Every structure is written in C-alpha cells, then in structure tokens.
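Below, each structure is written out as structure tokens.
Below are two complexes that have chain A in common, paired first with chain B and then with chain C.
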Partner chain A sequence: MQPGTLSSFLKRGAIWAFIAAELVFFTVAGEFLSVSEKTFMDIDNMLLLFKQSAPIGIIAMGMTIIMVNGNIDLSVGAIYAISAIVLLDSLTWPVFAGLGDGVIPVAWGLALLSGVALGALNGLIVWKTGVDAFIVTLGSMLGYRGLVFMYNGEQPTSHLNWTLVDFAEAQWLGLHTSTWFLLGVTAAIWFLMNRTVHGRNAYAIGNNRSAAVNAGIRVGPHMMINFMIIGFLAALSAVVFYSESGSVNPNDGELYELWVITAVVLGGTKLTGGAGSIVSTFGGVLAIQLLRKGLTHIGADTETVNLVIGLILIAVLFLDRQLNVKGKEELKV
Partner chain B sequence: MSDRTPALRLEGIVKTFPGVRALDGVSFDVMPGEVHALMGENGAGKSTLMKVLGGIYQPDEGRIFVGEVPAVMTSPLEAKAKGIVFIHQELSLAEELSVAENIYLGELPRKRFGLVDWARLEQQTNAILAKLRVGFDAKTRVGDLSIANQQMVEIARALTVEAKAVIFDEPTASLTDAEKVVLFDVIAGLQAQGVGIIYISHRMEEIFKITDRISVLRDGSYRGTVKTAETDEESVTQLMIGRKLDLSRNEIHHALGDVALEVRGLSCADLYTDVSFEVRRGEVLGFYGLVGAGRTEIAETLFGLRDPSAGQILLDGRDTVIRSPAAAIALGISLVPEDRKGQGLVLGMNCRDNMTLPQVDDLRAGPFVAEGAEVAIFDQYRDRLDIRTPGWKQLAGNLSGGNQQKIVIGKWLSMHPNVLIVDEPTRGIDVGSKSEIHNLIRELAAQGYAVIVISSEMPEILHVSDRIVAMYSGRIMRTFTAEEVTEDKLIQAISGLTPENVA
Partner chain C sequence: MTAPTKEQVGGFLARQGIIVAFVLFMIGFSMANARFIDPDNIMGVIRSSAILGVMALGVTFVVISGNLDLSVGSMMSFSTIVVLDLHDKIGPTLAIPAMFALTLGLGAFIGFLVGYLKLNSLIVTLGMLSAIHGLTLTWSGGKNMDIADKEGTWFKVFGQGDALGIPVPILLFVLLAALLGIALAKTPFGRKVYAVGGNATAATFSGIRRARVVFICYLISAFCVATAGLIQASRSLGSQNTVGQGLELEVLAAVILGGASLLGGSGTIFKTVIGVLILGFIQNGLLLVGLQFYVQFVVTWVIIILAVWLDIAAKRGKLWSPIA
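Moving on, here comes the complex of A and B:
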C-alpha cells in the first residue's frame, strides 16, 4: 500500500461514516424521544432532506472550488438575496407583460446574470487589487446586502407565478426539482474540478501559488472564473428556492455564507486551499442537514441545533488535524 | 599572544551524522581583541561548527572553553548566557516593534505588577546604541531602518550580555560599501573592548582587510591557521581547495550550435548591473558567485518574473521582451527554480499532474484533460530520467529530493525548450542523485539544449560547465572557458577582486 493511503481513505470516508452514525443515532433516539409517529429514516423524510439541502448545497459546490483555489467568498448570502429579488421583481415588469409565461426564462436569465455579474465584480477586485478575498468579499457582503435594502426597504418582495411553483414543486423519479438541481450542479462541478484544465489549475494555484505561476499559469483569470461560478450558483440556488416560495425578505440568505463554509470544511476542504473534494462537500452538506433535521426530530430547538453543529465542526476539524499529523508521520517512516 | 588566555578555544571537536563525519577534530582559538576569520567552501563544515558553538548541536567529542572554563552548551540561550553571541546572516527582527523592544525581546525590564519599565528600557538601549555610534534611537520602528541598521540592532542585541566571543556569519552579504565601513568600525570597537571575534566570510577582500588570523576548514576537518599578515589569497585558496577534487572536469566535447540566448547590458535596479553573456545550443553556461551576487535575479528576469531596468534579451537573435512566466514558456525558456518545494512543485499534486502542469492546456480532448496523453508523457520522462516512484499517482511531496528535481526537469523537457535554466540543480539532494543530475545536464547539452546552470558549489559548476560566468555583487567579473578556469582564479573572481587583478 502506498504511504498515506490509509489516512487519506480515513479522511475521505470520515464524512460518510459520520452520516451513517447520524442516521443510526437519530433512528434509535427517535424511537424514544420523537413525538412523531414516523421513523426518522422514512422515505419521504429522506427525500425532503435532499430537497432542503439544495439551497446550501448548490452554493457549497461553488465554495469548494473557491476554497480549493485558495480564496473564500463571504458575499454569497447577499448575492442569493439580490438574485431572488431580481427573479421575483422582473416577473412583474411591464416590459415583459406581453410574454405570458415566456417571462419565466427571461426572469431566470436576469437573476442568474445578476449573480454572475456580482461574482465577477468580486473576482475582478481580488485579481486587480491583490487584496485578500476574505476582505474583499467581507466588503461586498455588506455592500450587496445594502443594495438589497435599497431596493425595497424592509418590505418583502413577492410574486407567485403558479407555472413556476408547479415546476419547482414537481417530482421526477421521486426526486424534487431542487434535488435534481443539486445533483446536476454536483456532477457538473465534479467534472469541472477533476476533468478540466481549469479545475487542475485551480488546485495547483491553491496548493502552491508560486509554483503555478512558474508553470505559466495565469492566476488572476482562474480566480475570476471561480468567483463568477460561485456567483452563478448563489443565483441558481435563489432561483430554485424562490420559484417555489414566491416571497423574499431583505434578510433572506443571511449567514448562508457561514453554513456553506461549514459544510465545505466538514467535507474536508482546507481553508488554506489546494485540497478538497466535491463528493466530500456533498457529504458535508447532507451531514449538516441531517443534523438539523434529526435534532428537530428528537425535539431540540433551533438554539440547541446551532450549538451542537458548532461543537461538531470543531471536533471534526480537530480529528482531521490529528489524522493529518498521523499521515505525515507515516510518510517520514 | 600565546601568553594570554584565549577568549574562546575549541579542542578536537568531532560531530558525526549518520553516514557523514561533518566535523573531524576541529581545534582553534580566538584571542580577546582578535578578529579571526573562518573560511571554507560550502559544505566544509562551517555551519555545523557554528551550530555546535551555538548549542544547537552537541559535539560527539572534544571540548569548548570560554576563557579558562570548559563550556557545555545545550541550547542557544545557554550559549548566549556564557558570552557566545551570534550575528546571523539572516535577520530575525520583529519589524513592527521598536529598536528597544527588539533588543530586549523576551527579557524586557519590568516594574511591579509585570508592567514594562519603559524608562529603563530606553535608557539601557540608548546606552548600547551609543557604543555602536548609530544614527537612530531606542524608539525607532525596526521596519523603518535600512538593512544595515537592522543588522546594527542585531549586534546591539548581542551586546546586552557581556560578550566574550561574537561570531559574524557573512555579515556583509547584503550591505553596501558605505554600510560595510560602519560595520567594520563596530567590529573594531568590539575588538578594542577585548571581545574575541570569529568572522565567517567568502570575501577575500574583507578577510585581508580586517582579520588578524585565518583558520580554514575543508571537508569537515581543520586545515590550519595562518596569520593574515603573513599569507596571501593564493595560499588561503590552496588551503581551502587542497588536493585536486575527485570530480572530473567536464570533458565531453561536442559541436556547439547557434547562439540561442544573448543578453546585452541587462540591469535590474540595484540587483545586478550591465550583464552581458550568450549561450549556444549544446552548451552549458555556468553562473558562479556568492549568495546575493545577482545570479538568481538574472534567471528570474529571463523567466519573466522580474522586469529589467535596462538592456536587451535576444532569443535566436531577435530582440525579446518577457513580461511573465507564461510568455517565457511560450518563447521556450524554462526555469528549474532554486527552491524546489516552494516554487518548482505543487507538493499536494501527483507526479503526473506536476509533470504536465505547464502544458495541460494543450492536452485536451474537448473540454476535458486527455489523461491518457498525460500518462504517456509521464511514462516517457520517468523512463528517460529514471524517476523512481511507485506510480504517477504518488504525490510529489512524497518523493525524495533527487526524484522531485527530476520531475521538475522532466516537466520542462517534455515542453522541448530552447533554453533551460537550472538554479542550484542539486541543493538538498543526496550524493548519488547529484551525479545523476550532473550527467543529465551534460547529456541535455549534448542533445543540443542551451543550458544555464547557477550554482554555489564550485565542484558542481566546474564539472558541468563549458564556460563559467563569475559574478560579484551584481556584476560579471569575468567569463572563463573550461580550459582556462582554475579553482583559485574562480574564487578570486567571485570574492570581489577587480577583473584586472584576476587576470
């Protein structure tokens, strides 16, 4: 066996072992504590879990590529809110009145375009100024959220288009529309990361930036593309969710960036960049959603849920550190 | 001098590492008020000896005396407490703190309740600074000082204890001529106070200017001590080189091709000035000089990492501007950097991906990377360069230094470059792999590549080069052909003697 195989297997497998442990725990605990008649592993409950994972999960795929590249994006929650407003508001614009339901793809397109544009702005600033992405997106998080409030004050923006709602609530092969989007995005980003030049270079830049530069890789454009991708995905997440709900509050999407980062880090992606896997991020997203759902299932309130997730995040990262140390020692021998 | 007690005396110091006898019975002494030069080529054992003196290594045999007292040092702090103080080549200062805080870092004077006694700190610091006659005071932020003045802070830090012996390790490496004068003044001041000084340097000029005696190490063993006034550069050089080196001089002769790269009057701010040379296909051009002589910076300019401030670069006779590594690579210039792990390899990536990194964009099938083509390239260069790895999936970080270097070289060879620049080809590589890499460099030249090799190791540069450029503080002192070069001429050329003197 090659050195490091064991520890990398443990690390890859860890998130799935964790998910399995959650399922067992909540199933057993649910028998005693749950007020609900249904078991936790009920099929409808699990399908719902996937659907509820979608908003965070879709963005988490973009965050994985951003973090592997060595950056971070804190503005995704604000981009999510802006895109939602663009979607719902543009459905009602008089210019598009003649289109009938033809307005739907137009509104989707506008919302996605907004996401891409805002992401591109982040990327451009990071590229051209050389300021750390954490600072840049911290600023744009505040700025973009400001735009949300400027648009409609404290008022929610609402519009229900029933064709859209039907589409968003549809199930195909048993899975909800948003689940399909999550799976599609996961597959697409997996291919991007593992099979394309862009993905390869993103890993290289995150792992050793100066070696990447010395190999003739242009760092800036790759970073910018990644910020456009995550902007697109934040908008896609909003489009999928608000097509169904039809109403967006100016506070919506707040703290999404932190949930997304939690899921990505739980999946084993390094904050320092250069390492991370889309499949594990998918695991991280499911693990968090399971935890939220499971704790609610056994009667815990929201505050408890957040406390537990916080503790688990720290415990997982500590374990990861121990495994890494082990892996390194294995190498030295 | 013999009737006095030496400030520091070494007696038969032996230090072995697995497979290497790094120090083999080193004995010499430093008198109070004496400046004693310690010379030797890279790898002669100077740094090991300094680590023994500094309490970082324990000698296997032999004794150290400070004054008349035998001293056993088990940590750098203990060495300092005994009065042995180091001024390192690399500065270790906290730039955001004041001069005073840096000097007393870790031992700030305190008042009651653990509060810092700022008044006393300032007063003590200014007292030391006054002795050094420097132009800044205790409150100055260290980051605002020039390198030379920062070095003064290091020296001031050394003087907070009652120093018996002060060891200067290449102190002038980053100083201008004017700053050197100040440093030599300070050294003279220490001398006058009866401190013994060990002065490590490659620069003959300085050695002959300020030292009283010279001790020479070679291959870990002590080769003798001479009085500076009674010797000359040639004799010292002889002591340092000793017997003829085992490494045969490069004797493979083959026809040279056209000039692949020519550089005319190239300058870059204060890093190097008016550099001109050419390299032909089939030729290995060696660059030899001390650290900081500007060799790496020239390589970085050719590779598009630095913009020159003047001069021309001609590739195949055409005037060329190289603004980025991407542009350099497109023009067929490749660089195997000095810092393999920091700049050459992506350690967290597998061997194959590292090897194809610069050309992966050309290895596509539609939107996806053609992994089959990548594996083919990896296999080809693994066989050609004899890279020992269980397979391409192995992470580059898991390979030995020699195999890592071969991956970096293979990465560029698979791009068929016009000019291959190799900076410190064998740094941190074991002896066996060293000669493999040397042979590889010779072979590449024979196959018609134009190769530039930068090295700080004389045997290496003599072994691989067809011609050798000797550099000293940013200037080319002389270019030697393989036939005319000798070790002592080369040492003299890189030690700052004027070109006329060398010839």
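Moving on, here comes the complex of A and C:
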C-alpha cells in the first residue's frame, strides 16, 4: 500500500460513511422511537431533505472556495438578507410596473447584482488594505446587517408573486427547483475548482501564498473574484428561497455563516487553506441536514440538534488531527 | 524642540491612534448634542456597556494568547438562564457559586480542547457556540426563565444596586478591569500570555507551558462570562434563552477596536476598555443625534476596518497593502 493512502482514503470517505451511519441509525432508531408512521428513508422525505439543504448548501459551495483560498467570510448571512429584500422590494417598484411578469428576471438580476457588489466590496477591502478577511467580514457582517435595517426599518418586506412561487415550487424529474439550483451550483463550482486555472490558483494561494506570488499568481484579483462568487451565491440562495416564501424579516440569515462554516469544515476543508473538496462539502451539507431531520424524526427536541452538531464538529476536528498525525507517521515508514 | 518626523507621527498614531480617535469622537458628539457629556448620560452609557465590557476583558486574554473565543455569547445565555433557574430552586446564595462552577467547567472544557489537544480555537468555539446553546435550551426546556419573587430578592443588587453612589455593574467592571489589567501587565503569568501569543515556538523553548497558559486564559474568559451573566440576570430578573446571541462578535469587535491583533501577542486591558467605551458611546451618540439604533452597525463597520487598517498601515509604513 502506498504511504498515506489509508489515511487519505479514510478522510475522503469519512463524510459519506458518516452519512450512511446517520441513515442506518435514524432508520433503525425511528422504528422504535418515531412518533410518525412513515419510515425515515421514505423517498419524499429524502427529496425534501435535498430541498431543505439548498439555502445553506448553495452558500457552502462559495465558502469552500473562500476557505481553500485561505480566507473566511462571516458576512454571508447579511448579504443573503439584503439580496432577499432587494428581490422582493424591486418586484413592486413602479418603474417596472409595465413589465408584467417580465419584472421577475429584472428583480433576480438586481438581487444577484447586489450580492456580487457586496462581495466585491469585501474582496476589495481585503485586497487593498491587507486587513485579515476575518476582521473585514466581521465588520461587514455588522455593517451589511445595518444596511438591511436601514432599507426597511424593522418591518418585514413581503411580496408574493404567484408566477415566481409556481416556479420555485415546481418539480422537474422529481426534484424541486431549489434542489436543481443546489446541484447546478455544486457542478459549476466543482468544475471551477478542478478544471480551471482559477481553481488551481486558489489551491496554490491557500497552500503557500508566498510561493504562489513567486510563481507569478496575482493573489489580490483572485481573492476578490472569490469574494464576488460567494456574494453571488449568497444572493442566489436568497433568491431561490424567497421566490417561494415571499417574506423576509430583517433578522433572516443570522447565524447562517456558522451553519455554512460547520458544513464546510465537516466536509474536511482546512481553515488554513489549500485543502478542500466541493464533493465533500456537498456531503457535509447533507450530513447536517440529515442530522437535523433525523433527530426530529426520532422525537428528540430541536434543541438537542445544536448540542449534537456542536459536539460532532469538535469530534471531527479531533479525528482529523489524529488522522493527520497518522498520515505523517505512515510517510516516515 | 525639533519637529517630529513622519515615522514618529506614524508610530504615535499606530500606538495611540485609537485614543486620539476616541477623544476627537467625544468632542464631535458633545458639540452636536450637549446632553452627550451630561454626567448622567455618561454614567448610563458605561453602565449599559458593563456587560459587554466584562466579557471583552476575558476575551482579551484569549486573543492575546493567539486564540479566539466565539462561544462567549451563548455561554453568557447559559449562565444567565442557569442562575435564574437555580435562584428559585436552591436560593441565590448557592445559585451564584453553582452557576460560576458550571460556567468555569465549560471554560475548562474549551481550554482543554484548545490548550492540551491543540485543536483550532475558531472551530472549537464555533462548535461550542452551538453546543452550549443546545445545553441552555435543554436546561430551560426552551422556555423563558423568570424569578418568582422579583421584589423581595436581594439578588437584584448586582444589576440594579448602587454602592458608594456608583452602580454595581460599573463597580464590577472597573474592579475586574483593574485586577485583570494588573494580572496581564505586571505578573509573570501576563508575560507568558504575550509570549505564547507572540511566538508559541519560542515560548515553548523558553520553558513556558503553552497548554497551561491557554487553558487558564479560557478559564479567565469563562469567569468574566459568568460575571456578565450574573449582571444580566440580576438586572432583568428574567431572561430569554438567546439573551447573549451575537454578543461574541460585538465583544470581538471591541477587542479588535482596542488594537489587539487576532494573530496574538498584542493588546492591553486598558485599550480593550477604550474599545468597549467607543462602541457604547457611538451607540449613544447616534441615538442622541436622532438616528436609528441600527445606524451604529454601519458606523461600527467603518470604524473597525479603519482602525485595523491604519494600525497595520502604520506598522508596514505603507497605506496600501503590498498584495499584487
């Protein structure tokens, strides 16, 4: 066996093994504990699982790029809320009144554009000032949330457009619209990270920044593009979700950054940058959603979910380090 | 006397810039609204900043040692709920030490994970943020916690009482700030905290036990959180489960504003106090000139970025970053 193969195999397979274990556990435990008649592995239940994973999952794909690149973005929850408000509010602007349902693509475009712009602002500040991304996005998390409140006070912004709701609730080949968006984003970001120069450079920058600079990679523009991508994805997540729900509170999206980071870290992406895989992040997103659903299924209180997810996150971190230590020992032999 | 050189001005601003900004800011708001410098108003601001301030003192230790603590907000909710619940069950005299013991236990757990197991503090405390929130909800069953006899209990002294004409929350804040300030600046332990945060490898080779120093820093942080929870519980005598939600980031903002580097090794208790006061006075000042409370979020954003940017710009001697 090649040195290191075992541990890298364990690490790559870990998240899927974890998902399988969850499925088995909740199915078996559900037989004894569940209050509902339905089995956990019910096909409708699983389809719903994908749909519910979409809001966090779409943003998690962007967070993976950001973290592979060696940065972090804490402002995604606030960007999510701003884009949702822009979407729902612009649907009612008198300027677009003559467009009929043609207003929908315009509103989507505006919402996505605001996400990209806010992401670009983060990226520009990180690039030009050299302040750590953690601090910059910690600040903009507060600042963007302030903008959300300034836009419409403490009132919820609501507008239901039935064409839009029909679109968001539609199912195609059995999967919901938001599931298709999640799958589409996952495929696109996978392609970006594995088949393009930009993706390879993102790994290079995260792995060893000064080496990347010496190799002639322009670090700044790369970081900025990645922040624009995550801004776009946070907006896309909002656009998909609020097309259906039609009402946004100024507090919506709070703590999303924590859920997203948890999913990405569960998927094995390193905070220090340079390592991470889109497919594993997808696994991390599913694992979290399964856990939330499964615990509710076996009748655990919703509060237990927070406890379990927190402890699992720490356990994963611990196991990951143990495996890394093992990997190094294998290399020595 | 010779005119100061550009480097001297830059260096002075880098070291004391936040204090200069604070003074300018106070003068500006005082001119905009005379009520701003009213002693009652100033006392009110400090009083309402006390909870955030007490937590920021502990986080300063953690940050200087080169780590992060994102769990303080949900830990504060935990101690508030626990002390309120135990107040009616075992009486305040026992409830307070019991709550401190439980909170310190959580701090010890985090300290063990980050210090002895050397796990990444951002992820550990992120996980603990979620886990402690779950613990709080399990403890309370998701319900709000209230003290039955709100009038008769002496427990309210920590949040509402006065001693020597000064509100007790302020006294606790000042007392803790003084104690921890001395511990950080004047004791061997304080020097070890800087050493571990500045260069962990060098500290280890000098015979400093990094794990133990980090462990104690998290204990200090938990102690401060417990004190903040005590003030919060005593002030309101009833609480939701999410009372501390989001405070971790405000606390961190105050500590960073005070000039502590997230990389560790720099920062002082005094400057953290200034950072806390700046946040408190901004909020108050903006309200007094008639703006909505959420405008402070945007202002805080701009101030944090400017403060950190000018700080590192002065250190590298260039305004713009060298990133290509």
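One rule holds in what follows: the second predicted complex is superposed on the first by the 332 of 333 C-alpha atoms of A that agree within 3 Å, B and C clash if a C-alpha of one lies under 4 Å from a C-alpha of the other, contacts with A are read in each partner's own complex, and residues count from 1 in each chain.
In this section, a contact is a pair of C-beta atoms (placed from the backbone, for glycine too) under 8 Å apart; a residue touches a chain by one contact, two chains touch by 3 or more.
Only a predicted model underlies this, so the values are computations on that prediction, with no experimental measurement involved.
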Which of chain B and chain C A:Gly274 touches, first, second, both or neither: first
Which of chain B and chain C A:Phe191 touches, first, second, both or neither: first
Partner chain in contact with A:Leu160 - chain B first, chain C second, else both or neither: neither
Which superposed partner A:Leu307 touches (first chain B, second chain C, both, neither): second
Partner chain in contact with A:Lys128 - chain B first, chain C second, else both or neither: second
Partner chain(s) touched by A:Asn208 [first = chain B, second = chain C, both, neither]: first
Touched partner set for A:Arg218, first chain B, second chain C, both or neither: both
Which of chain B and chain C A:Arg200 touches, first, second, both or neither: first
Of chain C and chain B, partner touching more chain A residues: C
Intersection of chain A interface sets (partners chain B, chain C): 213, 218
Chain A partner contacts - residues on chain B that touch it in the complex: 303, 305, 324-326, 328-330, 335, 337, 342-349, 353, 357-358, 360-361, 364, 367-369, 390-391, 393-395, 397-398, 411
In the complex with chain C, residue positions of chain A that touch it: 74, 125, 127-132, 134-136, 138-147, 149-150, 153, 213, 218-220, 223, 254-255, 258, 261-262, 265, 271, 301-314, 317-318, 321
Contact footprint of chain A on chain C as seen in their complex: 113, 117-120, 122-124, 126-135, 137-138, 142, 245-246, 249-250, 252-253, 256, 262, 292, 294-302, 304-305, 308-309, 312-313, 316, 320-324
Chain B-touching residues of chain A, taken from the complex the two chains share: 2-4, 191, 195-197, 200-201, 203-204, 207-208, 210-218, 274-275, 331
